[in-house]
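Note that the chains are named A, B, C, D, E and F in the order they appear, and that numbering of residues resets to 1 at the start of each chain.
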Amino acid sequence: MRLSPPSWQRIEQASQWNAVYAGSEANVSASCCKLGMAATHVTVLPDDEIGEAAASTLRSYGINTAQVQRTPGRIGIYFYENAASVRSPKIIYDRFHSCFANIKPGSVDWEEAMAGADWFHWTGITPAVSEGAATVCKEALLAARKKGMKVSGDINYRRVLWQYGKSAREVMPEMISYCDLLVGGLEDFKNCIGIEDTSFEKACEKIVKQFPSVKKIATTHRETKSASHQFVDAVLWSKNSLLKSSRYELFPIVDRIGAGDAFMAGLIVGELSGKTDQQTLEFATAACALKHTIEGDVNLASAEEIESLMQNNNTGKLLR
Amino acid sequence: MRLSPPSWQRIEQASQWNAVYAGSEANVSASCCKLGMAATHVTVLPDDEIGEAAASTLRSYGINTAQVQRTPGRIGIYFYENAASVRSPKIIYDRFHSCFANIKPGSVDWEEAMAGADWFHWTGITPAVSEGAATVCKEALLAARKKGMKVSGDINYRRVLWQYGKSAREVMPEMISYCDLLVGGLEDFKNCIGIEDTSFEKACEKIVKQFPSVKKIATTHRETKSASHQFVDAVLWSKNSLLKSSRYELFPIVDRIGAGDAFMAGLIVGELSGKTDQQTLEFATAACALKHTIEGDVNLASAEEIESLMQNNNTGKLLR
Amino acid sequence: MRLSPPSWQRIEQASQWNAVYAGSEANVSASCCKLGMAATHVTVLPDDEIGEAAASTLRSYGINTAQVQRTPGRIGIYFYENAASVRSPKIIYDRFHSCFANIKPGSVDWEEAMAGADWFHWTGITPAVSEGAATVCKEALLAARKKGMKVSGDINYRRVLWQYGKSAREVMPEMISYCDLLVGGLEDFKNCIGIEDTSFEKACEKIVKQFPSVKKIATTHRETKSASHQFVDAVLWSKNSLLKSSRYELFPIVDRIGAGDAFMAGLIVGELSGKTDQQTLEFATAACALKHTIEGDVNLASAEEIESLMQNNNTGKLLR
Amino acid sequence: MRLSPPSWQRIEQASQWNAVYAGSEANVSASCCKLGMAATHVTVLPDDEIGEAAASTLRSYGINTAQVQRTPGRIGIYFYENAASVRSPKIIYDRFHSCFANIKPGSVDWEEAMAGADWFHWTGITPAVSEGAATVCKEALLAARKKGMKVSGDINYRRVLWQYGKSAREVMPEMISYCDLLVGGLEDFKNCIGIEDTSFEKACEKIVKQFPSVKKIATTHRETKSASHQFVDAVLWSKNSLLKSSRYELFPIVDRIGAGDAFMAGLIVGELSGKTDQQTLEFATAACALKHTIEGDVNLASAEEIESLMQNNNTGKLLR
Amino acid sequence: MRLSPPSWQRIEQASQWNAVYAGSEANVSASCCKLGMAATHVTVLPDDEIGEAAASTLRSYGINTAQVQRTPGRIGIYFYENAASVRSPKIIYDRFHSCFANIKPGSVDWEEAMAGADWFHWTGITPAVSEGAATVCKEALLAARKKGMKVSGDINYRRVLWQYGKSAREVMPEMISYCDLLVGGLEDFKNCIGIEDTSFEKACEKIVKQFPSVKKIATTHRETKSASHQFVDAVLWSKNSLLKSSRYELFPIVDRIGAGDAFMAGLIVGELSGKTDQQTLEFATAACALKHTIEGDVNLASAEEIESLMQNNNTGKLLR
Amino acid sequence: MRLSPPSWQRIEQASQWNAVYAGSEANVSASCCKLGMAATHVTVLPDDEIGEAAASTLRSYGINTAQVQRTPGRIGIYFYENAASVRSPKIIYDRFHSCFANIKPGSVDWEEAMAGADWFHWTGITPAVSEGAATVCKEALLAARKKGMKVSGDINYRRVLWQYGKSAREVMPEMISYCDLLVGGLEDFKNCIGIEDTSFEKACEKIVKQFPSVKKIATTHRETKSASHQFVDAVLWSKNSLLKSSRYELFPIVDRIGAGDAFMAGLIVGELSGKTDQQTLEFATAACALKHTIEGDVNLASAEEIESLMQNNNTGKLLR
């Protein structure tokens, strides 16, 4: 559950908060549905009205929620203060002790959950929140591998989350070893798998050597002039070469959150729809750019809008 | 009736919509009143509370609504999704089958409606919506000519509207032949009167040859960097020469709709108040620029504000 | 699409409108889902963002939208002005010429749509809006009968809607002849099947004689002190006797719309879950009562809340 | 300008305020327009955007604003805190030193302002705010008498306002002597004309003896159970007898302000449209009752709604 | 932090939430300040912007926040769904693992915190949330006793909170033994001190026998017709007799939360200002009644309003 | 009290207004508290709920309000219309006849008010509003000098305010003669002390010669591209040299008001915390820049945020 003060109010000023139900993996699922794929989301939500509201949001995107567990407890919350110009936007996390962190190993029937699925996606946030979540995530990865599904992982290292006694370096390498497609940057590589390099390209070479299943690695790059004015582009390492995307100017930024998830969903949809690597990269980067214009965590841009932006058609022109 | 999601929400996200009552000709009327002229608006509105709300809005601007017919039926609606940065704003029209489209030929007493008036303005939207509307509009043009009034027409070609069996090319030339002042661009000329040229100036020369009553032709030009960042300027063809206006940078754009109507009103007010052609053009272009900073369809900028912008005084400075 | 001024504003005062996507049959589907049943909704929505927003709302309730067609055109709209005390709430319909009214006979694969379903529900609004809708509805009824499904019909006679050339008396009797459970009152009976009587019980006796498939007939009764203060109860005619429900005082009424649909859903859920007739009637009536406390068209009361109200437990008490 | 915290917020809690432009006489004008009469409003508003907003509101009701003066200065403001149940609603006035209080004697051309008018209405608030306003009001009364217009006065004594050195007892009797129809209660009579009696009927007898031009006297009576629950009825003294109206239960009260003005407008419209005294009284009382259901100062109920309430038809029933 | 959907929205419907910072003891402190007393509040808040917002709210009431600790961690949250008529309002707690629950024994310098204070107030919620909070509360009670301060305790038993291993029966008796004034009902007595009786009076007799320091015991009684319509009164046991208050009808109820805290503050202020027991009881009950008309947890009624209600003056009448 | 239309609405369009309680000196006090200083604010507020709301706002910032007088009367109001791009924001003042303007000489016990204080701050607005306010301000200055406090004055010349018979040139020089630190520009110097120069540096030299107590003089400089896009920097004259600050690009500007007060508070806090002149200037300028991103009059930026901006760290980057 994300709570944000309206417009550019500070947290101290807010007497009304805008609420959306979101999360990194849910954002990817929603975006995939929006782009025409079917997606099943596996998570744990409270068995109360808050959990119902969250499930209802997932369903509204067309996400299959049959695998959403409902247990007593709380939902993870984060407070997001939007900002403009020289002020930085800010997140305050309140996500410990959630239902999801308390997920029970073995509680998901992955056979059933993955029936008919071609792709499994996970992020580094899940193994970070609790040992149980890490274990369940590993169960999923093994099941996905067994079924021959493609696997993507958004490494997404967040130092503040690894508090249950194990480090990312202990947990992540095995999980990464099951992946075909990674999204991550140099900091993630250092913290999760101990690979350090100042060149993304060289780091990728080391990774694929160490993790033979990994075939593609991507990351976005953001240049930040101010909270309102930024540039974004991306790279995709594939088949020993580094592809570069177009670069987008974003001004103003409507909502800073979920851009990485929009990029991830763009990569998955590109891969699943048989685009070339360069097309996939361009599609994912344009998706990422458009997300910055949309309120909330989820990228509600359509494939048509993304393609129109890629082709530089009608950017910003009034459509009738 | 225009319905818009608040702030930058997408249509899918909106649970509250901002509503204004507007329309191309009504926007021009309102703007003329705001700039000190008297205006009478002729239209048809539903005989229910929605129609009353629309009439009430027209009256609030000071528009004379004595000629507004009220009949059973619906009001034309459009849904407008605002946007920012790399996302395009979007309009969904729902304006067929409206009371106005069903207007009855002969139902307006143009003698009475035009009593005391110096100027008649129409747009290409009216003859496009229905044969009835086209007929009534022609009645008005004949009456205006008979009274010796000045006539302006905003050609405003919209392909999607011409669906009642006649084409713009069949209907528009006669109507244009009654005008003194036209607003339109190369696309409009091609679609409505079959005049094609890559030069606006040359096209104007052809038009005045074909339509001797037409004395002035104007159009705005928009350069679109993004939905938020644009430049606008305009030209006025008059007495065999092409005048150019100042150019305004618009960043951010608060509301993309009604800028052409603001320009039109600026031209009419300029003409009626005895400005030179260049002054009129500058006044209309500055009015158009200011409209982009105002929510809703109607340009609520005062003459004082427009002139201050023209003179580059205090642009954006806090006024106390 | 329902548009309502906020709080107790009049239509003339509204500059913001609350919007929900709803409709009689959709409300029943949503309520059934909320009460734990699975439901598939068959309709036609615009192939634009407005249609997407409506579909998204249906999905959020858990309704299966695989059978929702998307075609060019408009959505039916109604404007609802809420009221209080001595003022009456008011509806202005703007639902002609919608995508749904233009539904094509044969366009629904009812075999597929009804796969695995036990119950089919329709209302008298569908055959009223257009001949096409009536034909498709009849196709559905025949398919449902063929599959041996139970059928319920909410007669819901609205004089203003029957405008395509056929009368309710011509169309409805055949459709009613396929039903097991009817909801309707004396006015509906008179207008749709020509059965007139001042006693609901006697009218029911005539109906079951004329329509042997009909086994149960129910209706609600509302006593209106003011827009804010009303009483509601209901009766169910079944097996030759008339059962009466408890009576609920409603003060204040939060939202007047959708109470009949909540009642209908209560009947269906009662029937499908094996309740006795009296239990079903009480469940449906309590559901109807609770709907009056909920904003929007859809009854978001849970089964637990409905049962708690039936047992007169904790009515209005703060639950922690 | 009235500023109110939203919903039931206290003034201390409000960070957003709802604003309407209103005033006792303006409310009567607006209501008369809404009920089909033409009305011209004479006042003074600031020559800035606030004044423009107020004038725009008056025009939206159809009020003729040609006689509204615009001068430098401030608008009178009042803060209104709505309330419910056992809490009392509250008004804080901030109306001294307004443009209107500074109105210049002789500044209104009453000949022109009253051209074509049949009726002049004033209230006791005007002569209370300043000597200038009292003088201008007297000018108006003399002009109206000279033209043979009917005159109504709402005595409306407010102790807190008489601060410019003259008392109501010095100023009001002459002004009342020009009236045909008065609205006022026993407190008003005592404070403005020194007539004291415990019986409204007896007081009326004394008044008509002292002021021969006065032919009718009316007042409303309110029984207050709580801020939300009240009863209202009214009496009209005419031709030596006291007529009594129906009594309306108001629960809940949406907005407590402007009910007296709605009553006054009902009386004027009743008189001007040739109703009997009893009909006029019933019409005015029903108008007064309906006002309590409408946000803002102005009674937006239509004549049809008022008559429907008088006939006890459909009170509170959903109108489709 | 309390989060509530606006108006009568259900949690599932809310995309905007109203937020206030409150808590039982904070509500009492705020109300005491509002009624003219000085109050110091001791608690622990997060050392981030959420904590700053909460502290800012406390300061706005005039509460001394010098003793508010700021530590890393989360704030306790509860979600409150308002309701009307036959629907029940609902609270979902999310208050475990808060900064306050983690308060460190010995971390408050009670000497300093209580400097100059005459009264100490605590509630049964504090010793319920954690062993640390219970310990700190006991430290406070001992310090208060040592200083000869008066002590009040609102027993407020909440079964769901006692989860850290100790039961209320183990912890509460000692704490109650330090009190002069108790607020609690028969259920509280049974669960916290094992005193069971069907008569409040008899239970009080047993309590004062067992806890000699306790001199007065009070409780409110609520009759619930619906979520909107309730009656409230109260009793005060003092000097071997049971005093009864006036009874208030509440219709509608604007906000159901904080009424007990308003009552408690009324008792404290009554005691500290030297009212008789009956006056104190009436003052506290009227305060409790008024709280139901005010949004949020805190009673913003002034002493003047409370006394006016007690004297049945102007209840609900418009104050100018 | 500041009233602003929401988003970019014009005053004519606003039916809801955002309200904050603010004022130049109050903004400085609030900002100092926010930056860790203690501040006591001396003013006069109405003795009604509006005054209570204003006092409550001051307290929420942590400002000591013990010296705030409460008297009958009105609060000063200003209406602020925000703007974007080529449109100018606008202020309409309605601040005459306020309680504060009516402050009584001798009514403040400056001994008590200044107990324990190191710094006194005043602005040129106070002596401008009324002779009484000027007198009280002078009393304060003498008391501050006597106590050996540091004194800062923000000259802030506003021509429109000096209307009580004395000119700034008569009143200000003496008051400036008591100051250590001045904020003002060339226009202020000319109008208040008759010092004219085209060079700020030279003007400062003249000032310190004429007013030996003055040691430092600062001012901000704003370059205005549009209402949304501006640059700000500042200079500080101290010890015979002119220090220059960094320059900040502001785009977009969220709120144009209070930037000077944020700068002033930055200077005071810098001085009081022992920073060097250059550090103080940079701190104040960065504070000023950040204020433009914050809604309302008060700078809610923390010292940490200001310093981070000074060091060009994370400007606009998402903080987690």
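The rule is simple: a residue touches a chain if its C-beta (ideal position, glycine included) is under 8 Å from a C-beta of that chain, and two chains touch if they have at least 3 such contacts.
Note that the structure is a prediction, hence the values are computed from the model and not measured.
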Same or different residue numbers at the subunit C/subunit D copy interface, by half rule: different
Which of A-B and E-F has more C-beta pairs touching across its chains: A-B
Far-end chain from subunit D, centres as C-alpha averages: A
Chain centre separation (subunit B, subunit E; CA means) in Å: 62
Inter-centroid spacing, subunit F versus subunit A (mean Cα positions, whole Å): 45
Contacts with 2+ other chains: residues of subunit C: 7, 10, 12, 15, 56, 90, 252
Partner subunit F, residues of subunit A touching it in the complex: 7-10, 12-13, 83-91, 93, 158, 160, 224-230, 252, 256-257
Contacting residues of subunit E [partner subunit A, same complex]: 3, 6, 10-12, 14-20, 48-50, 52-53, 56, 74-75, 77, 79, 81, 90, 92, 94, 96-97
Complex contacts: residues of subunit A adjacent to subunit C: 56-57, 59-62
Complex interface listing, subunit D residues touching subunit C: 7, 248-254, 289-290, 292-296, 300-301, 305, 308-309, 314-320
